[in-house]
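The structures considered in this document are given below.
You will see chain A twice below: alongside chain B first, and alongside chain C after that.
For the complex of A and B:
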């Protein structure tokens, strides 16, 4: 049985003058139909590179070195560039983070949406424009007919992000990748955008791959989460399970760095140290230099991502299995 | 739009005033005067004084300046002293203006025809053989002075190949468009080559810049065909800075035409100003240089208007 997206042993590296950057290092995960999967990690953890690898948009000096990316059962890594062009924007689509730089400043938003339709549908010129206006209306842009003939700089940040989403969903994709779609927006707009994506997900029945560094966004929007650290998946679980029983010390660190809603007296804790250099990764566990629990084994041998309880995987020697969990609170 | 235009035109007035003052002072600071040139070996002090008085050259400089300025405002560019004694400078310029404009325009077209396509190809095939080749040629193009290229062209086409249109000289339009253009071809190439090289390099770097923009990645992520991405995402955005460079270096074309016209014996404004300088014909020099300044200001304005047309982020008159 296969999901909507099965990524197996994905390795993506960048061959820079300073050395080989191991941006994504042997990750496997699955995304089911209609599922919203969250990917969380600091900058440089390999979230965006994972997404661009799935889209096959890795450019030189980057290269996908190994693995399989099965999208609806077919390996995207075996597709020609021409075949990929038919898939991108149609079945597999992506929304980027900075809406101002991600839209062409010299084309109206309507023209940019219509152009995607031109490449994937047989609609007439007029029908494409009409559809573009409909899409702008569908993502909640007021006066869509007027806005369609506006240039990106004439729209607000929230509206631009909606336009970018309208463009990405214009051909009813099966999988929508969102790369930190709300980083440039303020909180109220952020909430509106996620509400919108949630509605669209229901309406079109698409899978969503949401990249973010914000665990609270994931909690409200996704059913499952992957935590990435230094190019590797370090933990994967259902959202509730992850919040209730985080296994990896890094995940626990991330959760401690979210301000609590009630009784916000306790000081927020940050994770000491920095993300390791992806060119010179430490031996053993990548997180060991920052980990309070690390011992001899962690410094020397790299832990595999393995199932601790059903549906909950972690890559940590010190991950506690429930049976041996001391100091639990049941 | 109209507000923008009138604002710019108003701003041009002080620019022109300053320019006219600079031109006037520089011409008069330079040693020698037209009377000396006119009289040649026969330097009779009394005659010199009389002629200077007749032409108002003995008045204080500032008074001469305002007198000249006053005439210009009334559309009178003055009377030539030595180039063609007694002829109105306006007539002299009118006779020659078309030649210079034709040369500049022809050079511009040749430059753009060479520069834009090579710049695009060079950027799209970055660090490949065709990119290296066009960059080397561009470097040569900028490095060779246009008068030298002109001489080489005359030597090769005119002297070696013995083509009648390759030896310089001007054929007026009345004797046939083809003949006229044929004689203009080599001067335009000589003048346009260096210009082409400048634009080509600018186009290449603007293309590379546009290619690394996020919206290009968005277009790729939407499955847009490469040809469409090159046309509407890359070239369209790359042209914005290039148009500014094109406009700003129109001055280069006008300046270069002075030398080129001399090499190819073209009776243009450059040729006129050179004669004016040699013979210290103050009214001629002043008028030609002033007209070049006016043309530059006009071209800059046109470029700014084009810029707004290419880049929707710039809109004049405050409408959003």
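For the complex of A and C:
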């Protein structure tokens, strides 16, 4: 049985003047149909490059070097650019982080949605416009008929993000990739957007691949989480399992870095140091220079991502040992 | 503890809605960015200022550091009328009040080294030179958690966290008493965010600094603040002790804001969604500015009368008719 999306051994590298950037380094994961999978990581973790690889939007000096990306059983890496253009925006859709730069400033939002429909459907010109207005209404934009003839700069950030989502779902995609869709937005607008995506997911039964740095957003929206660090998946589990029993020291550090809304803790337990340079990765485990638990083996041998308990994978030499400091075992 | 360092009274800032002077002839409308706010900050404490985009929190911070001239109002700093200061007296005051910006990438000059950036305020104020300057630079960088090997680096060679440390060092260089922190960790990764928050809190203890901490991230504000002011469309709707506001928010807007925040816990109750968007500050709603979105809307009184801040139990001050019936 295959899932909606099966990524196997994906390797994406960028050949820069400074050296080879190992942006995504041999990752495998699966996304089931109508599942919301969260991918959490900090800058340079490879989460966006993973999404761009799935969309086949990696440009020079970047290259997908190895792996398979099975989307509904077919390897996207074997598709021609022409075939990809038929898939992108139709079955496989992506919403980018910056709504202002991912919309065309010289076209009204209605015209941009109609353009996507023209590419993928046989609807008439008038039907396309009608559908665009319907879509804007579906994503909760007030006065959709009027807004359809507005240019992106005339809309607020929240409305632009809604318009982008309207465009992304215009052809009922099977998989919607969201790259930090609410990072620039206020928390109230963020809550509105995720409510909307949740409703659309239920209605159309689409899978959602949500990229974010925000563990709280993932906890409230996704059913499964992948944690990435320096190009590698370091942990993967169902949300309830991950937040109750985080195994990887990096995941635990991330969770402890969030100031609790309930107050308490006078001092946050931050993770010391910074994300390593992807051109000069440390030997052994990528996280070892920042890890309080690291020992000789961690500095020398890279740990594999392996199942610790059913449905819970972690790439850590120290993960199997129970009752470590702050381990959250009950 | 009742040693007030900063006191703001009836502060107003209206920007012209139209761009240039010519357009302004035809369009006399104004953006009511800050529309009559007041608060006090005790020495050595932090006031958190929260609100959505367009609430006026950043404008408030910029007025206090005198980057923007307010339309009217009064700001007393250590008993001195800040807005009346000109020339030398203002320059001397700038040593006492500093600012840390949101985006360290755009607030640091890319053509200058870290050493030059941090030395700039010292040079402007003619405070130290020569050997003493060097020693001062190294000490300031150390305070911000950077070693002296960063002195000759350029901003682009640094990580986001390191750049923000340079921004902090630049603010600390002249030995200020008060710092306006404008979204200082918003652009940083979570693990780095925690490092910078810890640093800011350590510096406050060490140097008895007073902060105005502007942020839209409520858990960050909760973590660093002693008191919190919640802004909506240019007004303060609630102000009080941080624990009181977060455990028992009074204003329906504060309640809605807190209910919308996601928790790092999948078992937490689902986020509650506040409908609509913040209305335009050019033509804010009549009466209580929050009334079109308010769940507790009571009709005419909310639509017609503008509520004023008044104390309720627990010492919190709220501007809401729910708490002022009969008054």
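Keep in mind that, in the parts below, the second predicted complex is superposed on the first by the 316 of 330 C-alpha atoms of A that agree within 3 Å, B and C clash if a C-alpha of one lies under 4 Å from a C-alpha of the other, contacts with A are read in each partner's own complex, and residues count from 1 in each chain.
Heads up, the rule we're going with is that a residue touches a chain if its C-beta (ideal position, glycine included) is under 8 Å from a C-beta of that chain, and two chains touch if they have at least 3 such contacts.
Everything numeric here is computed off the predicted structure, so don't read it as measured data.
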| item | value |
| --- | --- |
| Clash or fit, chain B versus chain C on superposed chain A | fit |
| Following superposition on chain A: angle at chain A, chain B versus chain C, Cα, nearest 10° | 70 |
| First, second, both or neither for A:87, with chain B first and chain C second | first |
| Contacts of A:102 with chain B and chain C, given as first, second, both or neither | first |
| Larger contact residue set on chain A - chain B or chain C | C |
| Contacts of A:301 with chain B and chain C, given as first, second, both or neither | neither |
| Which superposed partner A:293 touches (first chain B, second chain C, both, neither) | neither |
| Which of chain B and chain C A:127 touches, first, second, both or neither | neither |
| Partner chain in contact with A:115 - chain B first, chain C second, else both or neither | first |
| Which superposed partner A:279 touches (first chain B, second chain C, both, neither) | neither |
| Chain B and chain C, minimum CA distance [Å, superposed model] | 7 |
| In the complex with chain A, residue positions of chain C that touch it | 52-53, 159-162, 189-195, 197-198, 201, 216-220, 222-223, 242-243, 246-247, 256-258, 260-268, 270-275, 277-278 |
| Residues on chain A engaged by chain C in the complex (per definition of touch) | 42-43, 156-159, 186-192, 194-195, 213-217, 219-221, 239-240, 243, 253-263, 265-272, 274-275 |
| Residue numbers on chain B that touch chain A, as the complex places them | 213-215, 217-225, 228, 232-233, 236-237, 240, 310-313, 320 |
| Of chain A, residues touching chain B in the complex | 55, 57, 84-90, 93-94, 96, 98, 101-107, 115-116, 119-120, 151, 153-154, 164, 167-168 |
